[in-house]
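Below are two complexes that have chain A in common, paired first with chain B and then with chain C.
Let's turn to the complex of A and B:
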């Protein structure tokens, strides 16, 4: 697409600007936080438990968002949790996108029996509730970050496979695909070069939307004690552990909740913005 | 005896869909010798493109079924070749120019990349060499080589067709199949493209299979012509002979339907009726329901190819006793 046209659309898309700025700051904050946080996010100090949010009254040295039931600084834990949540979300999205894209391309390109096998497998995966699958896997294999990633990848790759398959179906009957066959191109070349580059736009959009979904899923698994294990901070487990104190010490739950909401919202805005910008049908 | 470059022997192709079977080719016999240019004419749906695609064994599976006959490339059947062998032949020894230049180039690659891809597949050139070679090819089809890094949408239809021609000539193929290369272009551009193809054919001495429904193009470019109707070749011979003494009523009709400037007339000759429905072909000669000279045997049995002279063959009963 024309650079000028692209830039014009970026300027017009408020979703993209808001989401982009949000995501940018969240990523920067998450990955640079170990450099500037003034507390240790995992050691408890019971003397200071349930310190209410001090804001900036003590500058950066105070408990800006207060402390939790074990006296740990909530802001520090949110920042560290963001690092873990984001890393896991990005790894899961990358893995599931890779698996789903390859299988979707193969299914859409070859069609016939190959397509049927892959798509019926997708149906099977779609029919398993992801939380129940998670509980089953964690119960058998135990809780670990690797198992957490496995569960999330297993329950999400289907989205990519289905999207890619449908897109390939549209492209594979175009004349340029026949032309490259007539020029002696291999199946591999046609699938991954000729066709794939034509359908990256919907993939990019899905990727950015899925990051938000992955963060949510990781949080809900952690909320159910099946995700990140204490003392490592995760937004989901922070909310889970704080929920019994919600009446008397609401900040313990509200702070990570708002962080989670803002992050997911930013990624969703970014995804919607990308859709507006990259969608070729909107001229 | 040396084999002809392409021999199509009694080729029968059907397209089977859920609802019906289309009898696309019903016994096509055709031969292309080295250096020869053959024109294939016929109405839409006569099976011209199917014939071309079956030479490359690129018929759309699983709908297409080869019911009989064979296509021999230098004496070897293309239907029994391995996928790898076929890929080596496609683009290198037989290459194809497509009908619509607007859709036959991939919109996301520059034209240079697309020509270079063909070169890299078949000639094992490096990225840089292939790109340089692509530049030279563009020059031969009359496009400045600095436009290598432009995308297809930055070219006009005629120029895109030139890019397609450049890509198909990249490996000096022995046979070039041109599937209505000028149908999607306007008349002045048509003339340019035909001129270009003529020049290039002289230069590289490639064989040419020109598929078109424009008889003018054939008389310009080809030595031989085959007329197709409902999946069969009904008349075959040198262009001079066939155009001067058309023997099949259908060929006569086609030639009569060309507007002429030297005859003062208000009406064009037309062939009554529509092309035979490929789902329900008539019995006997496929043309008989539209033929003014239809005899009884025409309705019952399909006429065989008869020799009129060495340069002229026709499949029609009215010529059996000689003209």
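Let's turn to the complex of A and C:
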């Protein structure tokens, strides 16, 4: 795409700019937090239970967002949780996109029986709501980070497969693809070097929109005690564990709740902005 | 049209067949011997063997699967370890709560979303449009957990207007319904808006203007119905999902539905109950999808061409 055109669209897309700045700061904060936090997010200190938020009255040495039911600094836990949640979300999005894209390309390119089998498999996965499927598999596999990633990938690859398959269907009979075939190019070459490179735009848009969804799913699973296990913090489990104390100590859940909302909102803004920029017709 | 419905029905049956395969394999992968779980710790080897025979565990896997399928056709989904009752009875007893919550949540969601989305689509680029889109993005960014806890914090803890959890009265229904309705509303607002925007560009709308029909009539009589087509599909999918149990919402509000049942069954390692809940959910989702497709096909005959 023309660089000038692209740049003009970026400048006009408020969603993209707001989301982009938000995501940038969240990632920087999350991944550089070990450099500046003064507490350990996983060891409890019962003397300091439920310290109310101190703001910046004590500078960076105070409990800026207060402490939780075990006396752990909430800000430190939110930042640590951000690092874990973001890493998991990105890994899951990458893996599910990879699996979904390959299967979608194969289904769309070969068509026929292969297409039918892959698409019916997608239907089966779609017939069970993803969270229900995820907790059922989690129950059988047991809780661990690897299993968490596995279930999130299993329940989300379908979206990519369906999107890619439909995109391939649209362009697989275009002249340049037929020409490659006539030159005797291999299936592999046509699928990845000819077709795939021409359908990356919808994939990028879906990818960016899915990161927020993955964070939400991880928070739900962690809330149900089937995600990230203590003592490692996750925003979902912080809300789950703080829930019993909201009447007296609301900050224990409000802080992770707002962090979760702002993060997902930033990613969603970015995803929507990206869609407006790359594919204005879709708006 | 009849042919299309038959073909969709066939596809649904295939999907359900594979769903049984998935639930069966999943449960075979579960750790531990199911026979041991049904018995007391003091069970003798003879008792264990008898229970294994009773459960059919001594037969080859493929036979076990066929017995499982045959049981499903007879309405026998297995026996819950925890309740010592047929799973299907327990599931059916939880279904009304989930259905009520789904219905209430969707009512809340659609009542907000459709007028808002249509208005935003008609007044594209206006302040209404921008606020509707911001509302939609906000709704999609709210984790169910956070939304539920926030509502409890405001309306139960702070204002004291509504109960924080429980089931039974209309007041108990309000917060869970909003928790389900808000994300649904945000998604539907976007769909209704883009549906409206697309339809208003069509030639037949231009020609209705040319005939001198008022804007209001064009919007309500000509554009609305076609703009709602994508909405029906997605709302159908969402309803199907909620019928499968809004796991987190039910958990937060102690709502005695399918989702909460699933979580407690998992907590108790009651695998037969997990398995049958999963299968019942898959059946419901597939049926709702089928119904949505049939409705779509009745509204828009072009669908049958694909």
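Details
In the analysis below, the second predicted complex is superposed on the first by the 279 of 283 C-alpha atoms of A that agree within 3 Å, B and C clash if a C-alpha of one lies under 4 Å from a C-alpha of the other, contacts with A are read in each partner's own complex, and residues count from 1 in each chain.
Going forward, a residue touches a chain if its C-beta (ideal position, glycine included) is under 8 Å from a C-beta of that chain, and two chains touch if they have at least 3 such contacts.
Only a predicted model underlies this, so the values are computations on that prediction, with no experimental measurement involved.
After superposition on chain A, the partners chain B and chain C are accommodated together without colliding. Contact comparison for chain A: of chain B and chain C, C touches the greater number of residues.
Here the vertex is the CA centre of chain A, and the angle it makes with the centres of chain B and chain C is 90 degrees, a multiple of 10. Contact with chain C, but none with chain B, is seen for A:239 once the two complexes are overlaid on the shared chain. In the superposed pair of complexes, A:40 makes contact with neither chain B nor chain C. In the superposition on chain A, contact of A:175 is made with chain B only, not with chain C. Once the two complexes are laid over each other on the shared chain, residue contacts for A:257 go to chain C alone; chain B is not touched. The gap separating chain B from chain C at its narrowest, counted between C-alpha atoms of the superposed chains, is 12 angstrom. Against chain A, in their complex, chain B makes its touches with residues 56, 58, 62, 86-92, 95-96, 98-100, 103-109, 117-118, 121-122, 164, 167-168. The touching residues of chain A, when paired with chain B in their complex, are 112, 174-176, 178-186, 189, 193-194, 197-198.
Residue ranges on chain A touching chain C, taken from their complex, read 15, 120-121, 123-124, 126-129, 131-133, 135-142, 212, 216, 219-220, 223-224, 226, 235-236, 239-240, 243, 246-247, 250, 253-254, 257, 260-261, 264-265, 268-269, 272, 283. For chain C in complex with chain A, the residues that touch the partner chain are 11, 14-16, 18-19, 22, 26-27, 29-31, 137-138, 140-146, 149-150, 152-153, 157, 194, 240-241, 244-245, 247-248, 251-252, 259, 262-263, 266, 269, 271, 274, 278, 281-282, 285-286, 289.
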